[in-house]
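Structures given as structure tokens follow.
You will see two complexes here that share subunit A, one where it goes with subunit B and one where it goes with subunit C.
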Partner chain A sequence: MSESSPHLVVRGVSKRYGPTTVLDHIDLTIRRGELVTLLGPSGCGKTTLLRAIAGLAQPDTGKVELAGRDITHVPPHKRNVGVVFQSYALFPHLTVAGNVAFGLKVRGMARREIDVAVDRALSLVKLGHLASRRISALSGGQQQRVALARAIAVEPDVLLFDEALSALDRKLREEMQVELRRLLQEVKATAIFVTHDQDEALTMSDRVAVMNKGRIEQLAEPRELYLRPASLFALNFVGLSTRISGTVLSADNGKVDVETKVGRLSALGNFQAGSPVIVAARPEQLRIGGEDETNSASGRVRSVVFQGSRTLVEVDAGAGESLLAELSGRDGAIPGVHDEIRLSWPVAETFAFPMEAQA
Partner chain B sequence: MTRAAIIVCWVMAIGLALFLIIPLLVIAAASFSPTPVFDLPLTGASTRWYGRIGRLDGFWPSLLLSLQIALLSTVISLVCGTLAAIAIARGKLPGAGIFATALVSPLMMPGLVLGIALLQGFRAVGFTAPWATLLVAHLVITLPYVARTMISGLARFDFTLIEAARTLGCSYPGSVLRVMVPALAPSFLIAGIFSFLASFDNYPVSIFLADVRTKTLPIRMLQYIEEAPDPTLAALSTLILAGTVILLFVSDRVVGLHRMAGTSD
Partner chain C sequence: MTEAALSAPVAAPAVDRERLTAVGFVLPSFVIIAGVFALPLMLLLGVSFVDANGLTIANYKRLLGTPYYLWVIWNSLRLGLLTTIIAFLISYPAAFALARARGPLRSVLLATLFLPLAASVIVKAFAWTILLRSDGIVNETLMALGIIEDPIRMIFTETALIVGAVNIFLPFMILPIYAIVAQLDSRYAEAAATLGASPVVTFFRVILPLTLPGIIAGVALVFSLSVSAYVVPTLLIGEKYPTLATTIAKAYLLAREPGFGAAAGVVLLAIAIAVVALSARLSREPK
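The block that comes next holds the complex of A and B.
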């Protein structure tokens, strides 16, 4: 099978729990060796989708295919998936090596082969020296690695991570994100991460699926997701933004002029005149001062938050609208609170989204 | 803590331990007494009382009956109590707390009350076969021990472990056997031991349901002590004590008492 052919295919999968639709006709195709994140708030259906792929939840409709095999009705133990659970779910009555060997023993592999596979899996996660330890004698980070080794050892067709890093503290989590990505690429694993942590999603994945209310709002590479969000939800969920509501005055070939309470702005988008829209831009696009051919607005600085490599400046633009600018350390003068400043940003980095009821 | 407070606590701990153990040592010593009347200081040792245990009137049938009832009620309680505990611990059962309290409630009931209630209850429905009534009554005695231990054991059990085993290639029943049973082994063992011991030495409930031919060992022992108080009974008690110690020792070897007590991993 070639690198680019579909490896995991989810087709029209729906799932309801009582009156709640948890998954609403999900379509998702993942290539072999790809690392994909399902990103969304709690209750968006991301964990249910993962469980449907693992076989732990049965979809009401739709199909799941893995490695060219229809596994929709295959029980979890015959799917050849590897799952790393949020709680790690390590077996307390077994040692580290016993946990990693579990899936291989169940598969009836010869003892000698099991020993080799366990050694290899443990050395991959750098835990070879702890093979005979009890699970309860390990730290959280070590337990996380055992869970990973256990899932990798069975050489699954797809690795599934259910909020697998969220129990670690921030620093360890960030280290693990980078290490895990390197390790998964090394063993050429196909993996799906479920997380509500946007940094984790952007760091670890080849593609990110932003989920909301049982649907995938956008499936894109991290860079594209950030720079070209497909919906207001995706814009809000990943990264910060300035958002101003307004009404479309005129539309011209993928570009609209919008009347807002802070003045007239131009944005990318296809709308009819009179449509209510939200105009948005990423904070790092906003610069102090005015230039031609750009959007601009002025106001009084409400807060200045220093965050090391960047400084976030929030400006009260009047009429209940605010602007958020991210200034890097090289941008020179940082304004003070209560200063009157003018911010401008390029039209090509300004997007219009339809106004949503909840926004 | 001040020095004085520490000394008081130490004295308490050592004193209480002695208070609990000394009667057991006395009865063990008495069982080796060479004379029918136990007297200190000891003037020698004899094992002749041990030889007489087997010749006690009605001893073997009573021992057999007590073992049967204790084993059977423990096994039945373990199976039924664990299933009930799963329903309660998983928390999706409406009113789980009420059921949990109900299952454990006989523990808080005086044995006498329980005995009279069961006797009258069984009579009322015409259930009078002595062996069967004893077994059912002992289920009432043993179930709370099993339920209490298993509910707390299951409350700490992560059911994701079963899902993990399934995704690793284990069928559902296989996952229960390979993961849930061993992970809960300490709970099973402690529930089983307490349940067995509670049934084996129960007197107040059994006395209401026993008849002339169906007497459990504790009832028989009380009868012996009324008839002929010689060291034979001390010898029997010492044997039971030794059996209990061996049971606990073996359990400790198998799963570790520290795990059974839940004090550490």
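The block that comes next holds the complex of A and C.
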């Protein structure tokens, strides 16, 4: 199978619980060896989508295909899908090695082969020395590794992680993110992570699917997601931004002029004149000073937050609007609180989103 | 609290106080157990080795060397084992059903389990005799419906005994199993399934081992209750099914042979302890 052919295909999957639509015609195609993150707020249906892929929840409509096989109606134990649960769900009556061996045993693998596979999986997660430990005698981070070893030992066609790192403290979590990505690439695993931590999503994945209310709003590489958010929701959910509301004055070829309370601004977008929109830009695009051919607005500095390599400056532009600029030390002087300043940013990095789509 | 905080650097007194508190909590139950159980038990053991002529093992010889009394012991064992096995087979699925039930249904089911515990064993055993008598409700109904012509002999059979015992001791099996099953995280079964285990394999490799503590508690309770049951066999089967419990009663009340009664008591206790210990042993996961 080629690297780029579709490996996991979710097509038009919907799921309702009573009156609530939890998954709303989800389409998702993942290539072999790809690491994809489902990112979204609590209750948007991330877990339900994973469960539908694993066969633990039956979708009402739609299809799931894995490795060229339609698995929509295949029971979970015949899907060859690995799941790492948030609570790990390690079997407390088995040892570390017993947990890792479980999937191999139920597949009827020979004992000698099982021992070899268990050793390999445990050494991958650097837990070889704890093979005979009881689960209750492990730290949270160690349990997380055992859960991972247990899932990869059976060489599943796709690995699903449901907030698998969220129980760890921040430092350990950041270490695990990097380690996990390296490890999954090493074993050439195809994986889906679920998280509501945007940093985790950007660090871990080749592509990020931003979910909202049972739909995938955008599926893109982390960089593109940040630079070209497809919706206001995606813009808000990943990274910081300046957002100003206004009304479209004129539209021309993918570009609009917008009348706002801080002045006239230009942005990328297709709208009819008179549409209410939100104009947005990422903070690192804003510079001190006014230039031609750019958007600009002025106001009084409300706060200055030093964050090491960068400084976040929030400017009160009046009329309830504010501007957020991220200045690096190289840009010269950092303004002080209460200073009157003018900020400008390129039109090509300014986006307009429909107002009603505000989450 | 303040005092403890102030004296925190001096660790030793704090530890001592903790230990003292622990002892304080344990002491009352220790005194009760020692006074109510251990002491009488020692007396029982002592008496069982005594007869009119002094120290002897004659009581045990008689009990374990006479075919009649071996049969009595066997009767007790049969009652205990059959009741326990049948109660387990009914209780295990029932505990799962109970744990799955939601809302009012669950409350009703739990109430039907707990309420009978409030009625005395004698009342319940009598209720069974009323049901199963030749002119009892079951026979009357069957005859009225024309299913049978003459009453079937139900009372005073071993079947009646086991049915009654199972009914009366059932809550002691269901409740401990239910307590475990209700806490069982459904993720374990899901994890097993995603690892390739079919529902049957998941049951034997995951569900059963994880619920074993409840099973062991239930088995230990029901076996020790039914092997030593007195009222149930007396009312539901009577003379023709003597058990260790009825033998003990006879030895004390009719025959005035306290030594022999004590020996029978010791044997009964030994059986109960042996089964409880054995089931606890089995609970340990074999490597």
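Following the convention adopted for this analysis, the second predicted complex is superposed on the first by the 356 of 359 C-alpha atoms of A that agree within 3 Å, B and C clash if a C-alpha of one lies under 4 Å from a C-alpha of the other, contacts with A are read in each partner's own complex, and residues count from 1 in each chain.
As a convention for this text, a contact is a pair of C-beta atoms (placed from the backbone, for glycine too) under 8 Å apart; a residue touches a chain by one contact, two chains touch by 3 or more.
All values derive from a computational prediction rather than experimental measurement.
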Subunit A as common anchor, with subunit B and subunit C clashing or fitting: clash
First (subunit B), second (subunit C), both or neither touched by A:L56: both
Partner chain in contact with A:G82 - subunit B first, subunit C second, else both or neither: both
Partner chain(s) touched by A:H93 [first = subunit B, second = subunit C, both, neither]: both
Which superposed partner A:S136 touches (first subunit B, second subunit C, both, neither): first
Subunit B versus subunit C as contact partner of A:F102, first or second or both or neither: both
Common ground on subunit A, meaning residues reached by subunit C in one complex and by subunit B in the other: 54-56, 75-83, 85, 87, 89-93, 102-103, 106-107, 150-151, 154
Touch list for subunit C against partner subunit A, complex: 185, 187-188, 190-199, 201-202, 205-206, 209-210, 212, 285
Subunit B-facing residues of subunit A, complex: 54-56, 75-83, 85, 87, 89-93, 102-103, 106-107, 134, 136, 150-151, 154
Complex contacts: residues of subunit A adjacent to subunit C: 54-56, 75-83, 85, 87, 89-94, 102-103, 105-107, 150-151, 154
Subunit A-facing residues of subunit B, complex: 158, 160-161, 163-172, 174-175, 178-179, 182-183, 185, 265
